[in-house]
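This is the structure I have questions about; it appears just below.
Chain IDs A, B and C follow the sequence of writing; residue 1 opens each chain.
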Amino acid sequence: MKLLVCIKQVPDMESRFRPNSQGIWFDENDLAWRMNEYDEYAVEQAVQLREQVGDSAELTVLSIGPDRVVEAIKKSLAMGCDRAVHIRDDHAATKDPWQIASIIAAYAKGQGFDLIFTGMQSQDRGSAQVGVTLAEELGYACATTLVGFAYGDGTVTAKRELEGGIKGVVKLATPALVTCQLGLNVPRYPTLPNIMKAKKKEIEVIAVADLLTEQPLTATTSFHPPARKGGGVVLEGDVGVLVEQLVGILKDKTAVLR
Amino acid sequence: MFLELTEEQKLIQDTARVFARAELEPVAATLDQSDDRTPMLANLKRLAELGFMGLNVRDTYGGAEAGVIAFSVAMTEIARACASTAVTVSVNNMACEVIQAIGSEEQKRAYIPKICSGEFAAASFALTETCAGSDPSGMVTTATDDGDAWVLNGSKIFITSAPYAGVFVVWAVTNKEAPKGKGISCFLVEGGTSGLLVGKEERKMGQHASATNELVFDNCRIPKSALMGKLNDGFRTAVAELAGGRIGIGSLGLGVGLAAMDHATRYVTERSQFGQKISSFQAIQWKIADSYTELEAARLLLMNAAFRKEQGKPFSKEASMAKMFATEAANRACYQALQMLGGYGYTRDFPLERYARDVRVTSIYEGTNEIQRVIIAREILRNFA
Amino acid sequence: MKTLLIGEYREGKLLDTTYELFGFARQLGAETAMLLVGSASQLPACSGPLYLADASQCGEYSPDLHKQLILDAVQKENPDYIVFIHSSYGWDLAPRVATRLKAAQVSEVIGLSNNAFEVGCCNAKMRRTVKPATGKAVITIQAGAFPVLQPGGTPQVQTVTATAAGNLTFVGYEPAEAKDVDLAKAEVIVTAGRGVGKKENVPVIQALAKALGGELGASRPVVDAGWVEHSHQVGTTGQSVSPKLYIACGVSGAIQHLAGMKKSDFIVAINKDKDAPIGEIADVLVVADVLQFVPALTAKVSA
């Protein structure tokens, strides 16, 4: 059984984001990078399936980006992926989801992956497109926003998370692609021996130019902070004073405190 | 010259940081105040399962084979969250490394995997005695050859992890007649051996969750095979291994110092007096500038010592410099950080007072900083003599 | 300009969010046609063409079939924009349609800015302006970002159907977990976000809720981490609430959270980050550490 998990490296979301010199994405200097949170669940689920199936399964992790993404790749290898593909692209951030999905599709086509895992979206761009678009390009069955996953006899039983806490249960025949939602499982910590052993696992490097044939379908024309709508009061300062101020406002504006 | 961590080292640092934030930091204050060590022992087990007890230990014995730099950065991250957990991890690593360095193949296979896997909650390093602190060669605990066994008599003091250690690395005098330091041997004593008594626990200023106990040997019989390394050659080993341990303690100090400064720096950007953020006062800014600069210098000294050890180069002077400087920088950082919080820093509602108590001992154990200076000066003067 | 709006229908009901699609089209100044897999007994109140497929035949969730229905309608209508709600239905279906049409897709649009779309990014901390580069474009709009608009009138219904192709079968719905609290009835909700730091701090937030005679709410990461039960979760995948007073402690203000609480009468946010997006909708943003501020507030309120 051939498994693929696609991951993205994103900045720590607690960072302060500043527009880059072209003003169309963030300035990458001084950012700390980590694996997209949604993708951690995807990797964990793929590794669990890899363990369930045993040695007849092979799990490949794929990431597109500059050399820094190797750290996220190595984390996936340490978590239990067997091999990796690094599609080297110093300008991955300027590609739109259509191009990213097409690059992966160009790689995956004809490789016979039975099951592909992705996160439901990235934390930085948040388009929620790459997984579904990839499935569509490959002609795979696809379910999004998984909070439950089981596999047996060529069939995936997936629980999709719907609004209001309801879940939709679906069955997919392989080949299939699933996009993973937060809370799907409990992503493991990579163990130190596995981090070291992952060094010996293969990382195939492919230049993005070898796979990219598509032009972007969208253009980002600006990246900026949200306009402050104003209206709300911002209180800052000493805790003791803040409490007095807030209680004053609550007494004034709500019926809750008198 | 390349001053970046490798990807593996970064991943280990990251794993330590994420684990420490999620699992260690939430219980650190409670552990400091209570006598119940259950949460720490549970976390030690999980740290062992992740591979943190044998960072510089070979894979064959269950170690991570991750090296000394990885050990240093992991210690710093763990200590940022909980210094008591960190010192236990450091001593466990040191015990593994001594056994790996001088133990027989049987001894390595018998003990290292149990420390690495967490089957043993901890391991202890029993050198200090009441009359032999900075000068361990003055120890009086004896090991006597009794045909099929060694018999230990005497006592040790300040032994980290003693109540829950599965194995003790113990130094004792095997030849009273020999010149100072030439008649000491090293032994492996299993926890629970009859005649090995864990004595009273010290009531300390900080690092409360880490037990520090007296150890009494009362006709404690251990098999002949418990001798580790060459007879009467144990003191040299102790000195050599302490040098590695110093990298651990320096890194631990650095972690506490950084935790304190990070907390205080965040605080001063929120606290206002005289109608402005106190971070706008130059007096506060200088504390920030000085402390972070010193901590960064400490980090580089530690990296240098760790790098040299990893490369198989002499590192004892560098380890002493790093331990001394890092633990003193960390003590100053904790002092300044507490000061930056004013009266709040002195209360238990904030972790600063704990950091200040926890960091204090780092300039004392594994060789006081006076002893570090003795070592450094000796090494330097040797080249001038 | 013409839009093809994709209505939403679930568990036998036309979803109200469908009317936000009309709100969006109005802002765009576009004509509307709609495709709905639903029921003839629950038609949206609108005029213009309505391509109606019967959900009992076509399934409420059957993405390959629904995709085909949309592609058929696109052929007939030749719209500039095909518009979905950014929901578990919309984000699932939109990229399939866009790929088939090789059309640009812009996800989770929150506003318009001359010929381009505003979308959130970086966990709602930042915005992007995005322009489609294709003649037709697929758009998903953020739930709640555009006004609900009931255009009124009677649609010109054309019943449509298609045959399923694909390897996915819908098995059924699983109801939301039983609730041990009814947040909807609470007058005051004090919510713990990831900023409370750890499970051990949840009681600090709970104490304030109690002092105010209210209930404890939680953001999703707090629930996922097991600090608080799911029944306390506020947001799109939790409960929607509108208490008299909502106090968000260490909540950043992601849209999925805001969707569940922005109708509250009065919103207070406590966050150490002055720039946290929750500040956008809060009546009062207190810039402070929750662990310092909340106990002090509780003490004051209880006194």
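Methods note: a residue touches a chain if its C-beta (ideal position, glycine included) is under 8 Å from a C-beta of that chain, and two chains touch if they have at least 3 such contacts.
All values reported here derive from a predicted model rather than from experimental measurement.
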Innermost chain, taking as reference the mean of every protein Cα atom displayed: A
Selected pair, greater C-beta contact count between B-C and A-C: A-C
Length of the line joining the C-alpha centres of chain A and chain B, rounded to whole Å: 38
Mean-CA-position distance for chain C and chain A (Å): 20
Where chain B and chain C are represented by their mean Cα positions, the distance between them in whole Å: 51
Where chain A touches two or more other chains, by residue: 236
Junction residues of chain B - those touching two or more other chains: 270
Multi-partner residues of chain C (at least 2 other chains): 287-288, 292
Of chain C, residues touching chain B in the complex: 197-200, 272, 287-289, 292
List of chain A residues in touch with chain B within their complex: 34, 70-71, 74-75, 78, 189-199, 236-238
Chain C-facing residues of chain B, complex: 25-27, 30, 266, 270, 349
Chain C - residues contacting chain A, complex: 10-11, 61, 63, 86-88, 91-92, 94-96, 98-100, 102-108, 116, 119-134, 166-177, 187-188, 212-213, 220-221, 223-224, 230, 233, 236-240, 244-245, 265-266, 268, 274-275, 277, 279-288, 292-293, 296-297, 300-301
Residue ranges of chain B in contact with chain A within the complex: 7-8, 10-12, 14-15, 18-19, 49-52, 55, 59, 63-66, 70, 270-273
